[in-house]
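The chains carry the letters A, B, C, D, E and F, assigned in the order they are written, with residues numbered from 1 in each.
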């Protein structure tokens, strides 16, 4: 079969031409995970855009929250499943496999989260993620109430909405640029 | 995370109670691939239905055709992607990985076949598979002409339609019974 | 108005060239109902495919089941209504008219089953048929529970799913080949 | 099977209580076609609404136009097919059968107009009817150009739009009131 | 930015050539509101069609009813919002602003009625308007019951259905003719 | 009519409790435009999230680009129109009115951008915005080619995708929190 011939359909700058702070990040990636995620290469077309993206990603996905990091990754995968975003399904599917230690859970969320045997609170968050992504115009107070019924407070709903919103952004950047995930993600944490 | 607790939500007979011909198939599966596919267990609830299903599957997927076995598996995965059928995506996704020797190709077809770098003839077949599955009412002569433009003759279109039709059947049996794929498929041919 | 000029857009073999077992079926059809259903002619392009189709059809639609033959035909029509399959709506619409002795019931199911005054158990089966056909990815345990609430047991749900799955197959074969129903179906059991 | 127990779910006045002009129409219907169409009974709940409806219907469907009466009825059926309006599919399906002398044409338009072998000009009108009914927001100048390419002039497009618009009104009145068609329509012009 | 160059893509007659009764209406419009609504100009292509339209509009929107004029205008805007009809959103959005004295209410209904803080009875009517417009085939007795639960009687539901049906007609005439609203509507009742 | 009683359904902190840098921004808003946009108040629930949002917004919407600021605002409105986001349609609709000096253009983009008489290059960008928002999975190289045919280069497509992606984020934050726009936007630049 033919293989993808690009990282991004919009082109990627030579890393050697990037500003020093980004070159430092490239080096750190190579050192810690052995490769530079293609989303970084794609967004480095405009360095400030990459900086803003990394800042927002880190804040939303990694900062203190009552939503665990695994839960946030699960939400990311369900959003990407609605949008059928290849890059994000591959990379964040691998993150779910790794954080959960459950390789099949990642596959379930990629393919159809409704088959996954989930705690009701998590299922409610993923239902909200699906609806806010697929049919945002239909969200009403009833949907927030469904989250509150599982113990989510206002700032938990805020954190949840941020993850959903962020991946609706990043799915569209990935799709618009036909961003191809690094091969390394495919084999990660297959168990 | 909780794990699925059934093979099929509709229950599965004790293999020891099955007719001899099916017990022979169970033994052969264990010998050749090390497990009995859960679709067999699910359909064994009514033994004749399983026999008919296996007969039709073998004829459509494995008999002589100008569509290669890999091409037929690729079509199966795209149909299952429209319908988001977990069982068929896992099992036939693994078949695409194995037959193609290209682990990423299986993932692309599962997630969004439009990102895969395909020969135009294969792409035309997958476009037809998507449309006949998602919006069958909209198929017209124009869609058959698009296949003919890539060299498909009437009996090739017949073979293609059979694969698409068959997986629209098997996806719905799998979904209606919440059929869970054997764990073995997940790690198969990951490269 | 122009008239359809084919039985199948993929061509149909000369019946005289068919294997003996199929010729015997052709003769029996002529004797019993006065014509050979065009679905047989269409599938005879590959004789074994027709044999498998007839075997599966007979098993699913005519064998012993707690779903009556009329109920199975009603499900067939509702599936075909979702998919707007001309061949199956005409032929199985006529079967509903004949088995029910209620010519208007067939029309209601063809056009919009929601207007038909049905027993709740039948309505629940048709709701399941619509959803499993139109949006299979959204089926969950809740949908099976809705059937159980009307007394369906696991093997009834299995039988129901088989009818729905089978017509999702046959609708797509009919549409892919632009199969035109025999004129005889139109006037059958109009009351 | 249970039978419908109403003409309209919103109730129908006793004809004896209707204004004289409507009683005269009732008498004329009985004399000419043997029954009063249930749409008249349904709308007689507010007599002036029925008068306006009949006036507009007659003007749009029966007055002088380069669109033949049959063509207008064909458009009416295709609009009603998008909306799955039982009343209008039954009554105007019978009108297509009668005006065309082609019983199968009515069935094709009811079930899926794309299978009907039509002149390109008629097909273009029905394509426009489908789109303006199903996805009106997506209509652009390109769609009007497609009609002009088949010889339709501005006032033909006006007449066509009027038929489409009118049946989008009458379908919704029929559906909102669960209007059941008179039994007589079912057997009319079955050939 | 370029400006629209027509009132209707299907052309508009010279007002001086119109029948006397229409010229009188033109004069009255100029006198009372300072302009002739472009819907009148568009429909004057066939004078009798305009007369019928005005008659039906006045009867449905202005005659005695337990639905207030503002409620009817709100329904008109929600229907037009489903269909994304520019003409009707502009002209009836202005009517909601004027009748309610609440400029933001008109905007909410144009953009997404679900954000408007409404009395439950009005919300139920708008939910019915959305569903009967967007997915008429799915309306059942349950939807009428939801209206009755808020005190609507059969003739109120009839009046509501008439408004919904009428704007499904007028939206499609406006869209088919690419009808551009008079500039005056934009600034009306902005508060 | 009842009025909205909140800025955000998730609650808004007392501005006096915000960090100094945000209080300085509040003061600057009051001074320059007379009010603090409710999106700032809503996001101030987590100050760092607001900082990241403002940084990304300014970079994407206001920095140097071959897409003019008006073009970027037009894209923002079309994205928000797909998602029917009340907050963004009101606030960015007002920005289009102001930047274009054409009050009707803002309304057209809010209601149905297809009616606006646009330069082909702008129309192509808005078509891409609609598709990447509504059906991202269907984007292929063909869609990028359509932009290139109007002179967009890779970094223009990058800039365009960023605007589309960003408003898919901000629409969902606004909808998830039922964010109500400041009243001031409604009357701005009505001409």
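Please note the rule applied: contacts are C-beta pairs under 8 Å (C-beta built on N, C-alpha and C of every residue); 3 or more make two chains touch, one makes a residue touch a chain.
Every value quoted in this text rests on a predicted model; they were computed, and no experiment measured them.
K.L.:
In contact with chain B and with chain F at once: which chains are those? Just list them.
P.N.:
Touching chain B and chain F alike, sorted by label: A, D.
K.L.:
Tell me the fewest steps from chain C to chain F, where a step is a jump to a chain it touches.
P.N.:
Each step joins two touching chains, and the minimum needed here is 2.
K.L.:
Taking C-D as the reference interface, identify its repeat among B-F, C-E or A-B, namely the pair sharing over half of the contact pairs by residue number.
P.N.:
A-B
K.L.:
Quote the value, from 0 to 180 degrees and to the nearest 5, of the angle by which the CA atoms of chain A must be rotated to coincide with those of chain D.
P.N.:
My answer is 180 degrees for the C-alpha fit.
K.L.:
Nearest whole angstrom, what separates the Cα centre of chain A from the Cα centre of chain C?
P.N.:
Chain centroid spacing, chain A to chain C, equals 43 Å.
K.L.:
At what distance in angstrom does the C-alpha mean of chain E lie from that of chain B?
P.N.:
Using C-alpha averages as centres, the distance is 50 Å.
K.L.:
I'd like to verify one number: the distance from the centre of chain E to the centre of chain F, where each centre is the average of its C-alpha atoms, in whole angstrom.
P.N.:
Each chain reduced to its C-alpha mean, chain E and chain F end up 28 Å apart.
K.L.:
Mind pulling the chain B residues that touch 2 or more other chains?
P.N.:
84-85, 112, 137, 139, 178
K.L.:
Let me make sure I understand the interfaces: which chain pairs count as touching?
P.N.:
A-B, A-C, A-E, A-F, B-C, B-D, B-F, C-D, C-E, D-E, D-F, E-F
K.L.:
Using the touch definition up top, name the residues of chain E that touch chain A in the complex.
P.N.:
Going by the criterion above, the answer is residues 112, 114.
K.L.:
Show me the residue ranges of chain D that touch chain F in the complex, using the header's touch definition.
P.N.:
137-140
K.L.:
Going by the contact rule set out above, which residues of chain F touch chain A in the complex?
P.N.:
It comes out as residues 9-11, 45-46, 48-49, 52-53, 55-56, 59-60, 63, 83-85, 132-133, 136-137, 139, 141, 144, 154-155, 157-162, 164-166, 168-173, 175-178.
K.L.:
Considering the complex alone, what residue numbers of chain A touch chain B?
P.N.:
1-5, 84-86, 89-90, 100, 102-105, 107-108, 110-112, 115-119, 178, 180, 183, 186-187, 190-191
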